[in-house]
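The two complexes that follow have subunit A in common; it is paired with subunit B in the first and with subunit C in the second.
Moving on, here comes the complex of A and B:
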């Protein structure tokens, strides 16, 4: 296996006594789309922000984040700025607030082109029009002069993507990019992201709480619960045969098209407070498959076969039951 | 089936951001008043009917007449001409005593707000101290130390005035830097100064602009007060506060000597306030 493009090694985020992200280890290959799923507060966004060192000083980041062979935590401010935007870009959930309201879209694209690529004047303008074309904004030349408030929600997210991609990054962190959009637009934006990923040979980490989005777009999925990885593996495999009680619970709480009327099971209870975690597996109190051993120690994220990693003591039983 | 309806046609490009909405009436009124004073200040010789310094011993302390609509003073000088010439000095006060505070205070507020830390803590204590002392008293105390005169008055007002702008800007920057677009700027690999001055500042500037307008009217009032007390502009200069002070000894016999410069102060103050209100309304509508 070639060296991963991005590698998180035992990454944790501590805020005071609590650790909302605890020991996350993940590898991302070139050209791969990784889905990072979890409930609100499971630490998805914190992990993304930790990668780009965007967290305020009160949040202490532990572990190693290795980007293309470099430890991001050890970079100087100047080197970090070269990675941000130029090599790793990020798009946000709310395109309304993530765009600067007083600058035209053209200016905002042009700024990235000027800072990272040294493009100015007509060359920058031509490139900006190309970018807007590429993200599917019609009449791009005229739209350069528009302000974000003149765009619809979907158009804003397209503009946001154009700005993020202006410098040609190799990794795009997409933090719930479709959550604020309605369903038809969601689909368009996801298709756009996949197309751009291929055209620009980028990798993408897609953060979401929507399993439907993951199923349609991601090569691999990482399931996060209360700051810890529960299961990591290929999307099809995990959706067909989850090896973790939490993933199974999540999938059971989704409606599916094969049954006309069906009672959704859901997962009882609520995620634990990161300051007061239960002993043993942190999902154990809500887990339908918990046994006494689950309360004793926290199971590590262990390899199960070539591509699957799981942090469930009963993985074997769950897989056997699914196969039966 | 109904024909498709187009909601928005092409829009005019130039000045679209500011003028796509009809300007509020207060803005127009304030601008009109200030334009009047501006003309008086720039072309006093052309607007004023007489030389403001020319004595006319045939017309001493005349009440308002068609020849002298604002009357004449105790040397027979035309009060209308003196009031018009004084606009030059008073607008100069409005601008010079707010220019440095507005610019320096805005920059300082940006940096204190964005970077925080101990300089910000020191600044907050400084604000706490300054706001406990009435502004006018503080300025008078500084002028008393430096000595009277316009330049010293500017120095005194500037030394204290920037703190109010900085406080306003600091709060505004702190609220702006929590928005996603500030984080987006960091993500894009932009430097901190670029983010502060290109991204946050333009979003945070409107309260400053509005306050600046109000502050100019306050500066005229303050400048006139100091002129009246003999701490600001000095007597041969026609300045509204000085004119009022000149007339105060003749208040019972020649009311026009103080009343008309007083009206000029009120009108100019109103002009700046209306302009500030109008701008606030315009910016609110746009936001």
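Moving on, here comes the complex of A and C:
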């Protein structure tokens, strides 16, 4: 296997005494779409923001974030700025808070083109029109003069993607980019991201709480629970045969077409407070498969075969049960 | 089967503030028809789901049914009574028998009242039980929605989102309603918590024979819960029928597109790279002539652009589409 494009090594985020992200290790290959999935408070957005150092000063980031052979955590602010936006770009759930409301969309794309690529004037304008075209905004030349509030939610998300792609990044961090959108628009934006990824040979980390979005878009999936990775592996494999009690519980929480109006098995209780974690595996109190050993020590994320990693002591039993 | 709640031809328009341009051009204020002739029935003990994208009028419909929004025209009939003319004791009785639960339970619970006080108030206002039985009944209600009995002494902020939604449901059930109008009540919840609330709704329906009008944009949840489904687009019901039929053999092109766009849970079924539906929802202030869906419909033909389709009823299944005329 070639060296990963991005490698998170034991990354943690501490806020006061709590560690809402604890020891996340994750590799991303070139051209890959990785889904980072978890429920609210699982630390998925914090992990993304830690990569680009977008967290407020109270949050202390630990571990190594290796991008293209260099540790981002060791870079000076000036050096990091050259990576941010130009090599790694990020889009957010609510474009209205990420876009500047008093500048036209054309101006905001132009800014990115000038800062990262030194493009100005006619060349910048031509490139900006190309970008809007590429993300499917009709009548691109005229729309350059529009303000974000004149766009619909879906069009704003497209505009934000255009700005993010302006400098030709090799990695796109997409933090719940379709959560606020209607399902037909979500479908359009996800298809757009997949097409752009191929056209521009980018890699994508897609943060989402929606397992349906993961199933339809991601090559691999990483499951976070209370700040810790529970399971990482190929999407098809994990959906068919999860090796962690939490993943299994999540999948069983979702209604499927064949069991209409029957009770869902779900997951009892609620996630722990990051400041008051249970001993051992942090999912143990809610886990249907927990045994005494699960309370003793926190299981590490261990390799299970060539492509799967799991942090569950019962992984072998779960897989055997799924195969039976 | 008899209808418990019947809505006929509901109409509701909202006037929109004009921008400076609109003001200078003069003329009347633009009107959005949030409900443009909506008819539905809700039967005893059933779940009718209302689905559609933002702006389709599904929440307006829910609110109009409980008279939180006044109608411009149309008729609502509940158990033989004309709801729009109810007043006094009869209106109070209607307000007790038809309960509404909202998406954001925090916005609908009084932050300064303990959960016990909130539930006791509902019991007292509607004289559900004698005064000395109130405390015991509060405890029963908390057990019903599976909250610990010490929850009664705490304020809403001490609970998680899912627990607050249980409190809101407990308050609705306190007055022993016949109908529960649920507006996106699981949309803000994580899936593991959402599953708990869905189970609770199924339980309640079985034990209390509740009729539920379940407004949601989540097709997966709707398929799990609903007996019948109404699909709305731009203030109109475009398709209504038994859930199984609507999901396995949808007849309206919009329903088909919605189902195709909804993310499937099967990674192997990764579908085409072409989006299910092109274009965006037209501005509700400028609804297209003819069939309002024709601007996005992959199957639109000449007639769709000129003539609004009429509702066609085929047994239990209703569709508003010219394709069904053939």
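Here is the rule we use: the second predicted complex is superposed on the first by the 319 of 324 C-alpha atoms of A that agree within 3 Å, B and C clash if a C-alpha of one lies under 4 Å from a C-alpha of the other, contacts with A are read in each partner's own complex, and residues count from 1 in each chain.
Keep in mind that, in the parts below, contacts are C-beta pairs under 8 Å (C-beta built on N, C-alpha and C of every residue); 3 or more make two chains touch, one makes a residue touch a chain.
Because the structure is a prediction, the values reported are computed rather than measured.
In the superposed model, A:253 lies in contact with subunit C only, and not with subunit B.
When the two structures are aligned on the shared chain, A:9 is found in touch with neither subunit B nor subunit C. Of the two partner chains placed around the shared chain by superposition, subunit C is the only one that A:213 touches, whereas subunit B remains out of contact. Within the superposed three-chain model, A:186 lies in touch with subunit C and out of touch with subunit B [touch as defined at top]. Of the two partner chains, subunit B is the only one that A:100 touches; subunit C does not reach it. Looking at the shared chain after the overlay, A:81 reaches subunit B, while subunit C stays out of its contact range. Touched residues of subunit A, counted separately for subunit B and subunit C, are more numerous for C. Note for the complex: subunit B touches subunit A at residues 13, 17, 179-181, 183-191, 194, 198-199, 202-203.
Here subunit A touches subunit B in the complex through residues 52, 54, 80-86, 89-90, 92, 94, 97-103, 111-112, 115-116, 145, 147, 160, 163-164, 167, going by the rule given at the top.
Considering their complex, residues 39-40, 152, 154-155, 182-188, 190-192, 194-195, 209-216, 235-236, 239, 249-257, 259-261, 263-268, 270 of subunit A touch subunit C. The touching residues of subunit C, when paired with subunit A in their complex, are 53-54, 160, 162-163, 190-196, 198-199, 202, 217, 219-221, 223-225, 243-244, 247, 257-258, 260-268, 270-271, 273-278, 280-281.
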